[in-house]
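There are structures below to look over.
Both of the next two complexes hold subunit A, though its partner changes from subunit B to subunit C.
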Partner chain A sequence: MNGSADPSRPQGALDEQERQALLAIADDELVLGWRDSEWTGIAPVLEEDVALSSIAQNEIGHARAIYALLSARSGAGDAGAIAAGDALSSVPTAGDPDALAFDRPPEEYRCAPLVQLRFVPDWARTIARRVLYEAVDELRLERLRASSDEAVAGLAAKIDREEAYHRLHAEMWRERLATEPRFQAAVEELWPYAVAMAEPDDREQLERMFEPKTTPSNSLLQGARRGAHADGWRELWNEMTEVRRSVPGASW
Partner chain B sequence: MTSGVRSTEPPGSEGIGVAGAGAGIWEVFRQERKGAAFEHAGSVAAPDAAFARAYAHEQYGRRGESVCLWVVPRASILEVEDFVDELNRNYHRVDGYSLKAKLKEARERAAASGSVPAS
Partner chain C sequence: MTAEAVWSALAEVEDPEIPVVSIVDLGLVRDVQVDGERVHVELTPTFLGCPALEVMRDRAAVAIEALGARADVEVILDDSWSTDRITPAGREKLRSAGLGPPAPRTAGSPKLLQLQNGPFRCPYCGSTETRLDNLFGPTPCRSLRYCARCKQPFEQFKTI
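So, the complex of A and B:
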């Protein structure tokens, strides 16, 4: 750990490992929020339309808060450290969360393939992903809440309080669809993606939460690893950044 | 919002069982601030208490407009609507009785006697 845990130096650079973890979470939340919002207006029932849209909006709000923290704490002149890859030239200036969210090339996003997949109009997979995602998210937020960096721990606790409602939503659906063959098949299909998305330290606990599921094969995990990009990712990136790219530098 | 059931389900969502025959109507009452009376806010269609809770929470609480909700299955509500008044017993009613005027008179009397300042 570096000196950023010292509350008297709140503007210090983030611990590098935490910075990478936070960027991954922000990208996950942004992209999952985007995917789930594709149901807005066409969800199976009106109440669910409102609920899922609201959850999607929350996830994007979480991404925004994390990007803001990353921008504010990127440290003087080292915004490049935020990017996963080596293409430092494309990395936006520090201090602008929107730039972090939208100005990176598609291959630099750290979101897991689980959140990139497009499921509309398949409700079973949409819900299976929500259930698996919330489980992984809960484990990593728990770890961040224990961070010695007060800003990181505080933000993780704040996000977790909202995620509690997302977990209730996922849990009620999981119970309701538990015996539905299509839902079971969807969980089976997405399980390797969920394990691959989880930090190695969290995987054992995740497997306990979904017993009797077991560790997926290495080849399955490899295809679903963070940093890999699923089918449809480039199209989603195009759509997501289209307006911002249309007038570079504009203030919206 | 009682018309929770979409007329056409998107493909892939058939039989998910939250709408249609399985979904009951839940009436939602909301409290705006602690200590205030609960007022009817609307309703949600939901198959069980867990769904009703989540849907009521999202629709009547996510903007901070409520501090508490009562979510009640519509079937649990006892409806009373027969109010006959065949003999026109208008002495049970309060129409024509102006409390405002009487209050004003009382205040004036009190002010004149000097016991309470006029307001």
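So, the complex of A and C:
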């Protein structure tokens, strides 16, 4: 990810709520991109091998661009701008998008458990997650597109245009698998994760879109909330950061 | 140093993944400012995950420095680029390389039915009897289509 995105015109610190929202999206997209890329080479049909690989590349590209914006607008060089206890507190160089992506300890990542789960080789759950994730993602991007911060609104709009193709892919598969019991069960199983990942304001709309049969218990929602870490998260973090940790400070 | 000289130099900078077109053909150069020996260029990415971005940025800097100027190439991560910015010459070069140029943007997001049933033209024989084979292709910017008339698979530039 080295330096792809020259910081686009620092304009001071980001609005705190938007900064948290952006960090959550970047972590979601990085980790989901990683999980989707696990299908590269082994998807059920060649077309999906290409599709999942391409989607993964896009998601990681979105993460990269958001980390670049967060870094550029973090008040880099001013360590005091990052408060103790903040999600970014352990990032040594706030101005470096790669540091933001890879130098945090696993417990500081803000990605939702929905994207952390490892589903290979289960296609039904993989597609159920893609369908649910894109629905949640569309609603939060819509909110950021209306931001009064031009850089935030502009990047959200750019990301959303690319996501439109991911939504078409999800729509196509949702139609194709609609009557398959395995797919229906996977959507029900992952529904609590999608609800827990969504902003409270978006939950009603998601319910209208998916009409789930059951209401998730509080303990399920608690385990699926952003900030919690699912089984397999630490292994994923190890794998994801291994190369960078192997030679600290190297430029790639 | 004139802005025209810089634009001409940038018109020679190829997209590493589609070498028939330059970054100017693709409409990726948003602005050129010449200030004495210093040249400031604003470059916009196609897709955010496109690995060609760094290569294009670096090649643009080399092309400007070859003119004897100091290059400052800034990548702008906003929503200002769309496939509508590809120039008519760029679209023709894409077609001649076997890549369907992007359909014009319409209001709203692309629709599945539109991509499945729209009159996409085969860059080889010109027929619109083509079908969508895959929304995704070898790079983020392309879909895969098949021409039922000349039996040729081809890559179609996505509209974004």
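The rule is short, and it goes like this: the second predicted complex is superposed on the first by the 224 of 252 C-alpha atoms of A that agree within 3 Å, B and C clash if a C-alpha of one lies under 4 Å from a C-alpha of the other, contacts with A are read in each partner's own complex, and residues count from 1 in each chain.
Just so it is clear, contacts are C-beta pairs under 8 Å (C-beta built on N, C-alpha and C of every residue); 3 or more make two chains touch, one makes a residue touch a chain.
Since we're looking at a predicted model, the values are computed, not measured.
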{"item": "Partners on subunit A (subunit B, subunit C) - clash or fit", "value": "clash"}
{"item": "Touched partner set for A:167, first subunit B, second subunit C, both or neither", "value": "second"}
{"item": "First, second, both or neither for A:44, with subunit B first and subunit C second", "value": "first"}
{"item": "Which superposed partner A:124 touches (first subunit B, second subunit C, both, neither)", "value": "first"}
{"item": "Contacts of A:199 with subunit B and subunit C, given as first, second, both or neither", "value": "neither"}
{"item": "Partner chain(s) touched by A:151 [first = subunit B, second = subunit C, both, neither]", "value": "second"}
{"item": "Most subunit A residues touched (candidates subunit B, subunit C)", "value": "C"}
{"item": "Which superposed partner A:176 touches (first subunit B, second subunit C, both, neither)", "value": "first"}
{"item": "Subunit B versus subunit C as contact partner of A:54, first or second or both or neither", "value": "both"}
{"item": "On subunit A, the residue positions that both subunit B and subunit C contact, one per complex", "value": "47, 50-51, 54, 165, 168-169, 171-172"}
{"item": "Residue ranges of subunit A in contact with subunit B within the complex", "value": "42-48, 50-51, 54, 120-124, 165, 168-169, 171-172, 175-177, 180"}
{"item": "Residues of subunit B touching subunit A in the complex", "value": "1, 3-6, 9-13, 15-19, 23, 44-48, 50-51, 53-55, 57-59, 62"}
{"item": "In the complex with subunit C, residue positions of subunit A that touch it", "value": "2-6, 8, 47, 50-51, 53-55, 57-62, 64-65, 68-69, 150-151, 153-155, 157-159, 161-162, 164-165, 167-169, 171-172"}
{"item": "Parts of subunit C lying in touch with subunit A, wherever the complex brings them together", "value": "47-50, 53-54, 57, 73-82, 109-112, 115, 133-140, 144, 158, 160"}
